[in-house]
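The two complexes that follow have chain A in common; it is paired with chain B in the first and with chain C in the second.
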Partner chain A sequence: MSLRKALIYMAMVVVAFLFVAPLWWAILSSFRPNDAIFRDLFPFTPNALLPEPFSLDAYVAIFQRGFGSIIANTLLVAGLTTALGLVVNALAGYAFALFEFPGKSAVLGVVVVSFMLPFEAIAMPLYSVVSQLGWIDHVAALVVPSVANGLAVFLFYQFFREVPKDYYEAARLEGAGWLRILWSVYVPLSLPTCISAGLMLFIFQWEAFLWPLLAMPAQQFKVIQVGMAAFQDQYTTAWNQLFGAAVITALIPMLLLIPLQRYYVQGLAGSGIKG
Partner chain B sequence: MSGLNLKALRKAFGPTEIISGVDLEIADGELIVFVGPSGCGKSTLLRLIAGLESVSAGEILIGGRDVTRVDPARRGVAMVFQSYALFPHMTVRQNMGFGMRVNRVPKAEAAERLQKAAALLQLTELLDRKPAQLSGGQRQRVAIGRAIVRDPQVFLFDEPLSNLDAELRVQMRAELAALHARLGATMIYVTHDQVEAMTLADRIVVLRAGRVEQVGAPLHLYDDPDNLFVAGFLGSPRMNFLTAEVQPDGQLRPLGLDVDLPSPIAGLRPGRRVVIGCRPEHVEIGDGPLAATVKTVEQLGNSTFVHADCAGTPIAAELQERWGTRADAALRLALPTEKTQLFDAETGLRIRQ
Partner chain C sequence: MNRSPIALLVLTLAPALLGLAIFRAYPIGLALYESLYTTIAGERTFVGIENYVDLLTDAGFWKSLRVTLWFNLIINPLQVALALALALMFVQKLPGMAVFRLLFLIPIGISLPVAVIIWRIVLLPEGFLNGALGLVGLGPYRFLTSPDFALYSIIGIATWKGISYWMIFLVGGLQNIPPEINEAARLEGASAWQRLWLVTLPLLRPTLLFVLVADITINFLLFAPVFMLTGGGPRGSTNVLMYEAYKSGFVFGDMGRAMAIVVCLVAMLLVIVAIQFRLLSSAPPKEAR
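What follows is the complex of A and B.
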């Protein structure tokens, strides 16, 4: 191996270390007692990168503090949003792709703009709408505003537009109505798009912090990002528990994403799909 | 099974008229071929009949029933698409049975119809395959099978063979002809391929720019075209055309040439411009009044096409023997008077006795 190659490999190892080290350290820290977390960092010893001393106290404590129900809450909100969102957004994308109606391109333009707006920009108007509906501190406040998603509509629209129109017409001649055609022909063809859109809706909800904080002031029903913040008190931080919660929070979407990532990539990159 | 009537059918997309008043009567059990160049409206006409496009004016009657505003599924038509439009995620069985499932045909009856159609088209072995696992010809047969199980009054075919290679086309053409004979169904077939039109049709409808140019049996159109367009569209190489002027003695003088040809029609007004039409197989080489230069010679084995230039006008001749002459050779050509047809140079219409 030439010196040049060796240097390149060294550089790559350093870069990889810089990326992985914080993650690795966070995962390790969740397996340590709280008082041992910073022990080997200042001054730094290699022990800092080993789970030493090993302890599961953090995880036990997290679940004792009710993190299990927080996960269940979040799964409920994200699952409901995903299920409803797939139906609503697929229907909207289908309408844009197949039907001609007055003002179609203007409405589609609004849909596209809607997913470019940062959430913070609409948080306060949305709050006043939700509060007038009497949904504050109600699960509906978390689910309903997130169901219709411009990006998901656009994904479906893009995919359905590429499906040869002959399929639609052939099915129509066979006597199928438009809803039946969507269900029997378009949805089976668009499984990668459904999976992409579904994962996207799920992750949006999984990562939501600001909105659940605003819409659920009573904190009776907590979702995961809000729940995680509770590990930081005014005077103390339970670092090992915080890291443990972060590991679990990252793990659940990853478990979903890993088996489905093939479809996810295919769906997001899928405008060139052949029928 | 029933016939079909089109009455003053019109279709416009915005200001552009695609179909400009088509009247047509198709008898029960007839195989009609719509033929014409790209953009002539033949596919649009088929889609109007199917109900996939709405009619701007006029009427469509199937079996005497006015279906102009009837939903496509209730018109009693089945269509085979150029792309076949087989649902890729369904097996052959599911594809063929889709319509029956949608219309809640009882399972036993649906299975029987499906088996019958599959047997007719030799698809029984392929019923559990998906379209991607089939060859082009097999997909074509599945698309036809999907139409057959619906037991329609009228079959519509939109350029069904254009995605197949040459050999398969010939084979499928024969299969389609056999199928028509067996089913005795009314079929409308759209193509731009005149060989398909000539070989399959009971009658051909030649379309141009949304109008019917002529309707008739294939050989009738070939032998007795009503106008320059039909004369030039059917036949390959196409009919030779020489623009000529009627002389005071009634003879025809091709423009740019210093010879007079006898006219097949007497009593034409001197000075009138006409077009002389003569099919390549009727052109005689050897001794004749027209001097020409050979451009290319195409040897097809069983016949020879000679493409020559006659004072700037291309003339093709078809010979039944092999012919060794090379390019640039000088030739004398004759157009036998009894085999030539005359057309008005301005309107393009046939001049008849």
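What follows is the complex of A and C.
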């Protein structure tokens, strides 16, 4: 029994090391001057795992090269998508949960299928759609196509369906309109679902790569993943700055995910197990 | 709920359904339509199925399809197996698990492009991994510029980033298995290994199938690492279909060919989603929460 435990601990330490080591090296290297990145590796010394010599040059240079506005752009796109997406998808989930109409289960089925097919599958033809709309190189091209989200609709539908119908009936009897009922009865109950769906929408936009690459060919308005890739092309050997950009890009969603991981996991689990 | 006014239905449903129709369904139709056209010097002409016929006789397409299938044949079983191992560790109840659980979740917060940038430098001939391998007298290797290694390096990076995400689903599945079943098997004298194969895995089947199919969908369409690391090279060894389609349409301006490739990819994926629905709906219903 204790041998088994020892083996499990060993395996966990190995995995944790594989997950953490590259990140740790990236973080500490972002605090080194560029000419010291590969020092201490050949031959390998433990010093390779310390930010020494220490320098903030990388971060200063990144922000001088406009990384700040790239972060602001991405926050704008992700924030707008999240806000609009919560309203649009919660409304649809509410309608699916509360109203009966012909063809409902078929429409709901299509919504479910739509989130099984990843965005990448349609990114290239979506380019044609968005250029027909004249949105290429406009922020709308990044925000609008991502607002309606089958997974978010489904999460809200699942939650609202479980709310006792008595609540709705009682509010109706008191003369409340459907919007009042949604806002003052359903939304306060569904706060965890709102957080799950909101996180999903936000992270989706924060991590978007292929679509912004196609939709914003002029690169006047850069979002973070594409901006980072362009940075890599432009400053191929500015290792410490590349690491710094990567650290910042990872840090922002981490700040949301670490305190809210429970909701994110619940949202994912909802999509998988019941989907 | 005695009446559902049409206006109310339209108001609540229209924004989401319109969005899905215009930005999810219509592009699929448009891809089909545009794959029947070719663009020569800015003039679009109808060519019927010629783009598809051309693909069949195009050695580049077949090579790319082979790379895509080989890539998926390796990465998907690998990711699901490792995610399962990770999930089995995650649900252990041992002292210090909270720390390990947090560490296991770290790659979820890291986007694929971030993982790619970090690993590109880690994998350089003068980088961290070769330095560490040097400790035991190996290397240095050209992980990203050698045709023998590049595809496997991409598999490694995508796996490093991906397995925590799939682990979450499997942890959910594991936690839905009533502990009494495992306890009963243990009292019957089943070893830990037997319990895994005879009790846990059969009960986990629906979740495993979901993860496998969802993982295939993602990996069939993997793009960022190829775009950022290798550009399909060296010598076409990492030129997956998704990247081939991108090059056709957005580098060489041959939208017809790009769309034909996309249609082939989506067709393969729809088959996979259909299989997923069949397998999942035949699975015993779980969790009537």
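Couple of notes before you dig in:
Criterion: the second predicted complex is superposed on the first by the 240 of 275 C-alpha atoms of A that agree within 3 Å, B and C clash if a C-alpha of one lies under 4 Å from a C-alpha of the other, contacts with A are read in each partner's own complex, and residues count from 1 in each chain.
The working rule: contacts are C-beta pairs under 8 Å (C-beta built on N, C-alpha and C of every residue); 3 or more make two chains touch, one makes a residue touch a chain.
What you see is a predicted model, and the numbers here were worked out from it, not measured in a lab.
Partners chain B and chain C, brought together by superposition on chain A, fit side by side with no clash. When both complexes are overlaid on chain A, the residue A:63 reaches neither chain B nor chain C.
Applying the stated contact rule after C-alpha superposition, one finds that A:169 touches each of chain B and chain C. Contacts of A:111 after superposition on the shared chain: chain C is touched, whereas chain B is not.
The superposition of the two structures on chain A yields an angle of 100 degrees at the Cα centre of chain A, opening toward chain B and chain C, reported in steps of 10.
When the two structures are aligned on the shared chain, A:135 is found in touch with neither chain B nor chain C. The partner of chain A that touches more of its residues, comparing chain B with chain C, is C.
Look at A:9: by the touch rule set out above, it reaches chain C but stays clear of chain B. After superposing both complexes on chain A, the closest C-alpha pair between chain B and chain C lies 5 Å apart.
On chain A, the surface touched by chain B in one complex and the surface touched by chain C in the other have residues 169, 172, 275 in common. By the touch rule above, chain A contacts chain B in their complex via residues 164, 166-167, 169-176, 180, 184-185, 188-189, 275. Remark: chain C residues 1, 4, 8-9, 11-13, 15-20, 22-28, 30-31, 34, 85-86, 89, 92, 94, 100, 103-114, 117-122, 124, 126-128, 130-132, 134-135, 160, 164-165, 168-169, 172-173, 176, 192, 206-207, 210-211, 214, 217-218, 221, 223-224, 227-228, 242, 245-246, 249-250, 255, 258-259, 262, 265-266, 269-270, 273, 276, 286-287 touch chain A in the complex.
Of all the residues in chain B, the ones that touch chain A in their complex are 50-52, 72-74, 77-79, 81-83, 85, 87-89, 98-99, 102-103, 146, 150. If you check the complex, the residues on chain A that touch chain C are 4-5, 8-9, 11-12, 15-16, 18-23, 25-26, 29, 37-38, 40-44, 48, 87-89, 91-92, 94-96, 98-101, 107, 110-111, 113-114, 116-118, 120-122, 124-129, 144-148, 150, 153, 165, 168-169, 172, 178, 206-207, 209-210, 213-214, 225, 228-229, 232, 239, 242-243, 245-246, 249-250, 253-254, 257-258, 261, 264-265, 268-269, 272-275.
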